[in-house]
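What follows is a set of structures for review.
There are two complexes below, and they share chain A, which is joined by chain B in the first and by chain C in the second.
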Partner chain A sequence: MNLRHVERSTWIYLAFALVLFIVPFLVTGRSMQFIIIQIFIFGIFAMSYDLLLGYTGIISFGHVMFFGIGAYSTGIIMDRMEPTIPNMLLSVLVAFIIAGIVSFIVGILTLRLKSHFYAMLTLALAGLFLVAAEKWRDVTGGYDGFTFRVPDILRESQNLYFLSLVSLVLIFFGLRRLTKSPFGRVLMSIRENEQRTESLGYKVLHYKVIASVVSGVIASFAGVLYIISIRFVNTDVFATDLTIDVLLMTIIGGVGTLIGPIIGAGLIEFAHHWLSSLSDVHWIFERWIILYGTVYILVVIFFPLGIVGTIRAKFLGSSAKKGLKDNQKSEAI
Partner chain B sequence: MDLIFSLLINGLATGMLIFLLAAGLTLIFGLMSVLNFAHGGLFIWGAYTGVWFYQMTNSFFLGIIVAIITGLLIGYVTERIIVRPVYGNHIQQILITLGFMLVLQELIKVVFGPQQIAVFPPEWLSGSFLVGDVVLIKYRLFIIAVGILVFAICMFILKKTRIGLIVRAGVINKEMVQSLGINIRLVFMLVFMVGAALAALSGILHAPYSGNLYAEMGLEFSILAFIVVVIGGMGSFTGSLLAALLVGLAQAFMAYYFPALSLAVNMLLMTIVLVFRPQGLFRVKG
Partner chain C sequence: MNSLLNLNQVAANIGQYHILHDISFEVPSGGVTVLLGRNGAGKTTTLRTIMGLNPASKGSITFKNEEISRLKPHIIANRGIGYVPEDQGIFGDLTVGENIRVAMKKEDEGTTKRMEWVLELFPDLKKFWKKPGGQLSGGQKQMLAIARAYVNENELLLIDEPSKGLAPIIVEKVMDSINQMKEKTTILLVEQNFMMASKIGDQFYIIDDGQTIHNGQMEELKEDKVLMKKYLGIS
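What follows is the complex of A and B.
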């Protein structure tokens, strides 16, 4: 590989990742490390969402179902079998297969629909998964959930840190490669104008389904990492709140930028931590969702490109993306 | 036999409540192609303000009036501030109305407290009639009656008055209506406010029916309304009534016979309709 052909931004991202590799030696507090691990995990989750929302222009309100599938696959396998590394890899494989199949079926059935139907249907489907997890108590333990053991090596906070960081970096570069490939260009053209893409001869449904399967599988991996980091699983992993969290991270960070959702994840996780610690000061901080919701509405109206998108549009001018501004005609019924 | 009969009444009552919520949703969608994810927020605001007034004055009737006024006001604010900036952009609409739904839901907890509130029907509506050996619960009959009344009034307005004509024409072709010199923005706002008021009415009627109130109820209940709007066909008023009754009945019977499957059945109904007849069972003809 000729290094001269590597883009400058790639070096910047790599340098940034290297800095993150040093962090656990500087920040040794367990709770702080835990927050950073959560940021990495939700960064992965949010990137998978960005592939749908930012690159393909699909709004899913049920993305949490893949996260939950990953979480429960690992939780149940770790609980029923010995907590060893091979079993964990097996659980990851199981998560990928289930998430892949579910996202494929959901995609085939629903991605032909207009955006509102898709949003609604995914919201309801995720609700169905939540209900199923609550009712199927023999396996899932319902809302009470269950704790389980993880491989010893991953009990160490530092090791978990490196695992999630390496995953984040690999998935980031993988998705970046994917979105810059001809395949990614087709996804973006679907976002900009679905009808025109179709009339150019691309099978739009085909591309959308692949995007949703890739996104679903990555989301399930985020679920696996999440559940290993907290070693406890209950129906919260299917809660709508998580979809909303990841939606906020993606929108605030910047849709269609990949790095934006990671930054969004950082902001939201820190805000989460900080605001809930403030709830001792005044009870209003327990209702931090109001603040989130308001910020989110303002961002959608005034900065539809998010933090990264707005900065790029300001400083890089021509490469400004249209982001959320799809046009009305392609959506009209 | 009397079991089936009481499940029937139960299902029709639930169906009417869903219809009141879905009616606004479907008209707003048909006219402005805005899918209002914040509709459930109007539902709980109607329920909470109405119940608050009802428990304060002990007059259920006043509670209903207050709920409707709240619905109109919040509907006005929602249309002006939240929906108007994003007309014509579906992705932004979906995102922003969901955000507003969250804000409305959390504001409920700030204003009325996060705990559940127990609500009972007023005295003149509690108890039941006994016809033969069938028990008819008064409050459920009341809900059904209100639902029929609202449907009749709306149908009358839609079919017999000038504003109704404009709304129906707008659903079919809004550019044409606008080019005939009608201020379609004003009509949008009116329909949005009426839809919001219906959602609020549904909320206050639902409160004594389910017996308790909590903030998350709005989102849960509006999922049923979405299912109804999809099954009935977006923009079809009669369609949403029939679909709501269908969903209500399915809900009531499944909840009794197979409780675990009650949501799944409605979801399945919606999925089947979406896959085989994405325009819904009752398409608005243009």
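What follows is the complex of A and C.
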């Protein structure tokens, strides 16, 4: 591999990842480490959603079902079996297989539909999973849920931090590679114009289903990590609120950027934490969700393409002006 | 001359409207066949029907003697038909390079050579290789759309109104490029600009109210003032 061909942005991301590896030695407080772990986990979840929304143009309101599948797969296996690393890996494998099969079937059956019909159907399917988890109490424990043990090594906050960070970095670079590959170009062309992509010779449904399966499997992995971090599972892992959170993370950070959803996850997790902890300062902060909504409205007004998208557009904007001048020159010639 | 594409009594609807009633024509292998007609005559719908984007409700469409009228657009495209739509269909957020690469079904020696050739034909595309397609001028978008259809070894290119909305100097450039391409592939062209059509077309079909009503060699049409006035409104 010729290092000269590595993009400058790759070095920046790697440098940033290295800095994050040092953080747990500087930030030793468990609660702050826990928040950062949550950011990594929701960053993974939001990136999986970005592959659907940002790169393929698929709007899903039921993405949480894959997160929930991952969470319950690990929760149930860890509860019923010894909390060892091999069993945990088995639970990850089970989560991947179930999420892969469900996303494949859902994709094949529903991705032929137009965007809003698809969005509504996924919402209904996620609701179905939620109801099934509530009713199947023998296995899921219903809304009350159950606690379980995890391998000892993962009880240590720092180890969980590194596991989440390594997962985030690997998934980020993996997805980045995927979206810059010929496959990723086809996904983006589907997002831009489905019919045109089809008349270039691509079977659009195949590509959408593959994107849906990859996205579903990654979301299930986020569910696995989340449930390991809290060591408790209940039907909240199928709640629509989580889909809305991940949608906001992606939109606020910048759709179709991969790094944006991670930044969005960071902002939302910190907003959750800080705004709710300000309730001691003033009663208005007890209603932190109002402030959260206000922040969201402000971000949408001032960063219509999301934070990363807007910053990129500003940079592109200046090069676009230069490009326009070049165009005018070449057309005059 | 061998017929590459053959339409026989093709009819097609858009929603509840019957747009094509009886379209029949042949596109011989090699050269440029032009579909002429007034606005709303059904020329664009004819190309979309060939591509499978508007399914034919009646009749037959054969390409290299194989029926394609019931096939999906991606299968038709993979059989060797490239399509340049009226709106150019550029992927605005993808760069010029990505727009071309996404159209290349495989990156082998053949397609790379074709890409190099088309980039020599349209040097602007090389110049703006990393620029998003949406930021190109109208003429550059048209060049990109044609380049994208050409990079694969398509035996037939369907080009819909390449001169639409372009400045005369750019129209000349596009016309010149199609003239060079016709040496390498067969072209079915829909064009309102008669001057352009007459300069690059070899044979023509006139479509009126969803039916093919006349055909012949382009040289003959240039002499037939009555026909031109009657069906094309050119005096």
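Heads up, the rule we're going with is that the second predicted complex is superposed on the first by the 291 of 333 C-alpha atoms of A that agree within 3 Å, B and C clash if a C-alpha of one lies under 4 Å from a C-alpha of the other, contacts with A are read in each partner's own complex, and residues count from 1 in each chain.
FYI, contacts are C-beta pairs under 8 Å (C-beta built on N, C-alpha and C of every residue); 3 or more make two chains touch, one makes a residue touch a chain.
In this text, all values refer to a predicted model and were calculated from it rather than measured experimentally.
A.B. asks: Considering only the touch criterion stated at the top, classify A:304 as touching first (chain B), second (chain C), both, or neither.
C.D. replies: first
A.B. asks: State whether chain B or chain C is in contact with more residues of chain A in the superposed arrangement.
C.D. replies: Chain A has more residues touched by B than by the other partner.
A.B. asks: Touching A:26 in the superposition: chain B (first), chain C (second), both, neither?
C.D. replies: neither
A.B. asks: Give one of first, second, both or neither to describe whether A:290 is in contact with chain B, with chain C, with both, or with none.
C.D. replies: First partner only, chain B.
A.B. asks: Could you say whether A:182 touches chain B, chain C, both of them, or neither, answering first, second, both or neither?
C.D. replies: second
A.B. asks: Thinking of the overlay built on chain A, is A:124 touched by chain B (first), by chain C (second), by both, or by neither?
C.D. replies: first
A.B. asks: Look at A:135 in the shared chain and tell me whether it touches chain B only, chain C only, both, or neither; answer first, second, both or neither.
C.D. replies: So A:135 only meets chain B here.
A.B. asks: Do chain B and chain C land on any of the same chain A residues, and which?
C.D. replies: 324, 326, 331
A.B. asks: Along chain C, where are the residues that touch chain A in the complex?
C.D. replies: Interface residues on chain C, with respect to chain A: 51-53, 72-74, 76-78, 83, 85, 89, 91-94, 98, 101-103, 105, 124, 127-128, 131-132, 135-137, 139-140, 148, 152, 167, 169-170.
A.B. asks: Please give the residue numbers of chain A that touch chain C in the complex, ascending.
C.D. replies: 182, 185-186, 188-189, 191-193, 195-204, 256, 316, 320, 323-324, 326-327, 330-331
A.B. asks: Show me the residue ranges of chain A that touch chain B in the complex, using the header's touch definition.
C.D. replies: Per the touch definition, chain A meets chain B at residues 57, 59, 61, 109-110, 112-117, 119-121, 123-125, 127-128, 131-132, 135, 240, 244, 247, 251, 284, 287, 289-290, 292-294, 296-297, 300-301, 304, 324-326, 328, 331-333.
A.B. asks: What residues of chain B sit close enough to touch chain A in their complex?
C.D. replies: 29, 33, 35, 37, 82, 85-86, 88-92, 94-96, 98-100, 102-103, 105-107, 109-110, 219, 223, 226-227, 230, 234, 260, 263-264, 267, 270-271, 274-275, 278
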